[in-house]
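Note that the chains take the letters A, B and C in the order they are written out, and that residue 1 is the start of every chain.
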Amino acid sequence: MEPILRTDRLRVEYPPSRRGDPPKVAVKDLSLEVRQGEVFGFLGPNGAGKTTTMSVLLGFLAPTAGEAYLFGVNVRNPIARQRIGYLPELTYYYRFLTAEEILRFYARLFGLNGVEAERRIDRLLKLVELEHARNRQLKHYSKGMQQRVGLAQALINDPDLLILDEPTSGLDPLGRMKVREIIQRLKQEGKTVFFSSHELGEVETVCDRVAIVHQGELKVVGRVDELVRTHQANLEQVFLKIIGYPTCLAA
Amino acid sequence: MTGRTTALGCAALLTAAVGLAAWLEPRSEAWRGRRAQADSFLLTLLGDGRRLFANHFFVKADVYLHSGFYPSIFDQARSACEHGLGQEQEPDPRAEGGQQAHDHRVHEGHENHAAEAHEHHDDHNFPGPPRDWIDRLSRHFRVTEHTHLAGAQTEAEILPWLRLAAEFDPHQVEFYTVAAYWLRSRLGKVDQAEAFLRRGLRVNPNSEEILFELGRLAWENRKDAARARNLWSAAEHAWHARFGAVDETNRVSLRRILAHRAQLEEETGNVDEAIRYWTRVRELSPHPEAIEQRLATLRQRLPAAH
Amino acid sequence: MRTLLALAWVVIKELYRRKDFYVLFVLTALITLVLGSVNFFEDTLMVRYLREVTLLLIWVSALVIAVVTAARQIPAERESRTIFPLLAKPVTRGQVVLGKFLGVWLASGLALALFYGFYLVVGAWKAASGSLALGLQAFWLHWMMLAVVVALAILGSLLFSAPSVNSTICFVVVTGILLLAGHLNTLAAAQPGPGGALMYGLYFALPHLELFDVRDLMIHEHPPVPLGPLVIATLYAAVYAALLLVAAWWVFRRKPLST
């Protein structure tokens, strides 16, 4: 079966900040496959190239080399993004709109209108627990509330593939648990989730498979339980070992 | 970002606000004590810009008189190139009798450069045929019809600009005299004209132009010959105090004072005095023959009077 | 079209929920009312100077609103990073440019309508309303001119990274065009050689925004503009706005949007 998300020797270089320097290589020959119905954890230390990879998948950046496909369609084609939901990291949504208005706006971009749109907005606001603040402008929202708006907008089109960049950042423990629940629910509905995270504990509980990247290179990919079994350690220790941190210290 | 936008808006409106302040400030005559302070503040704030604004407003009055039909400085420069500069127009000798014709200009005399250039254009058919398609199209959106304000209702429209000009540069005597001319002879507001001239005189105490204009007002509008005589004598004194000797630049202003005085004496029957003044006018006039004729007829009246 | 309207709607909502627009309106109204209540030489019939001042304030305010609003749109999307969830939706970059343009243009049209409404009120107050047809034409032409200005500012916002730099450049360019563009042919004729040729080039290439300024016709109560030239001017503005928007799209399309 055609993987839902596939990258083929993807390479992304950023232009150097100073003339004469070599370009900054953020992603090196990354080949990944995410299958239908999987929850896939995309792990790596800060600056590993996770956000960069997602930017290519969403068409914000053109890869320097290699290709990427969503639903078998090259990401250069905007059609590839019809059935996805995306949660970016660190986004400050339109300050002058209310949560409800923002969701209505995004719904309209998918051609959703009227009763159907309102039904979804109600449901999503309830899901991310923002019902009480739905008519307040976002400039009065806290960071975690903004993150919830982000999650709601990613789900507005009932997507088949979710690309979430650090979905739990900025959330309190209850919020994180809620996100985990949402991811698990989506999995039960047969959706595919591709997300990056630094919370290895939560990754361990929700993910079917994980990939660990370091300095733009894919270090390891596989089922969580298999990784834990072959390395004889928990996911955190595996992660630290792979990125070259002395494991004796970690252990 | 809100801050910057507001700042931009405020900067854009600052000019207008300063203009407003400049011109509201003297209206608060009640606060006499504070005037000097406010005046100097404004002076430092605007400096020479004041004079620039004042001239701009003066030109604006001229534009209004022509209902917006006016050549830009570029058109004026072009015309100057095409037709050559320095075609000094000699004053019309007929005008010296005091019956000055209304010649459709803010400036009733032929003294102003802007008016000069402007008249020039009337003669040479401003704006001329369109030079390209953009020019042709743009004529539909500009004032291309040369009309003039007519009647007291619309002629009053130039006054705010003259007033504003005088507020910005109170030492430019022309602003007072021109405004007074329009007020008294076109709009029938003699008291207003006099008040404005007096105001100008307070700032420019020895201005022969303002004294002359006050004299005209006294004679032409109030028929107060004694007062007009006094004022014109004062104007003559002021002229001598300022210039001393006659030369090409100041000849006209003296001649005007004397010619009006001569006319007054003639009309009030003081033939001796009239002859005395007309003789002095003759010496200053570029058309002495015309004056000579006039003197001849007067001299004929002389024996009859005695 | 639905996408464009949705994008435009966000811009319009933002404009009327921000305070700066009201500041400009209130300032314009205040200055006009104060000026209008002043009595020159005990003559209350004067109205043209008031028209002149009001229209000048309207022109300055509309320019500020249009340029500043247009210049901040795409940079603000990038700064708050909302451009990412936006482009992750089935929205092309061309649609973003067009939607933003439409939003700013409609929003400045609304603001403009308010300002011209105020102008009518001032006219009624002074019992000298002038020709309504010409008033509507002035509004329409002004709005068409703003289309070019908005497109220019949006293009600028993709070329210069700082919105303040872009706004300043736009102000200088637009003011320069308004004051000089109509005279470039005169200047060119006066200057022989390559300088003159360059000026002629500019004369024919620059959008003649001064065409859309019929303030003098309004102030001095001239008859309205005939329909033909009005249509030509509208098309003229549409062509320039479209060219600038195509340029903006072309720049934006190739721009990598890194975080």
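Assume a residue touches a chain if its C-beta (ideal position, glycine included) is under 8 Å from a C-beta of that chain, and two chains touch if they have at least 3 such contacts.
Note that the structure is a prediction, hence the values are computed from the model and not measured.
If you tally contacts for every chain pair, which pair is highest?
Highest contact count belongs to chains B-C.
By C-alpha centroid distance to the whole-protein centroid, which chain wins?
It is chain C that sits nearest the middle.
From the mean C-alpha coordinate of subunit A to that of subunit C, what's the distance rounded to whole Å?
The answer is 41 Å.
For subunit A versus subunit B, what separation do you get between their C-alpha means, in angstrom?
Their C-alpha centroids are separated by 77 Å.
Hey, what residues on subunit C touch two or more of the other chains?
18
Which residues of subunit A touch subunit C once you look at their complex with the stated criterion?
Against subunit C, the touching part of subunit A is residues 14, 51-52, 55, 58-62, 78-79, 81-82, 84-97, 101, 105-106, 108-111, 137, 150, 153-154, 157, 163.
Report the residues of subunit C in contact with subunit B in the complex, numbered from low to high.
18-20, 23-24, 27-28, 31, 34-35, 38, 40-43, 45-49, 53, 56-57, 60-61, 64, 68, 72, 76, 141, 163-164, 167, 182-183, 185-187, 189-190, 203-204, 208, 210-214, 216-217, 219-222, 225-226, 229, 232-233, 236
Any idea which subunit B residues touch subunit C in the complex?
So the residues of subunit B touching subunit C come out as 1-2, 4-6, 8-10, 12-13, 16-17, 20, 24, 27, 64, 67-68, 72, 74-75, 77-78, 81, 131-132, 134-135, 137-138, 140-143, 145, 153, 156-157, 159-161, 163, 183, 187, 189, 192, 196.
Looking at the complex, which residues from subunit C come into contact with subunit A?
Contacts found on subunit C: 2-3, 5-6, 9-10, 13-14, 17-18, 80-82, 84-92, 256-259.
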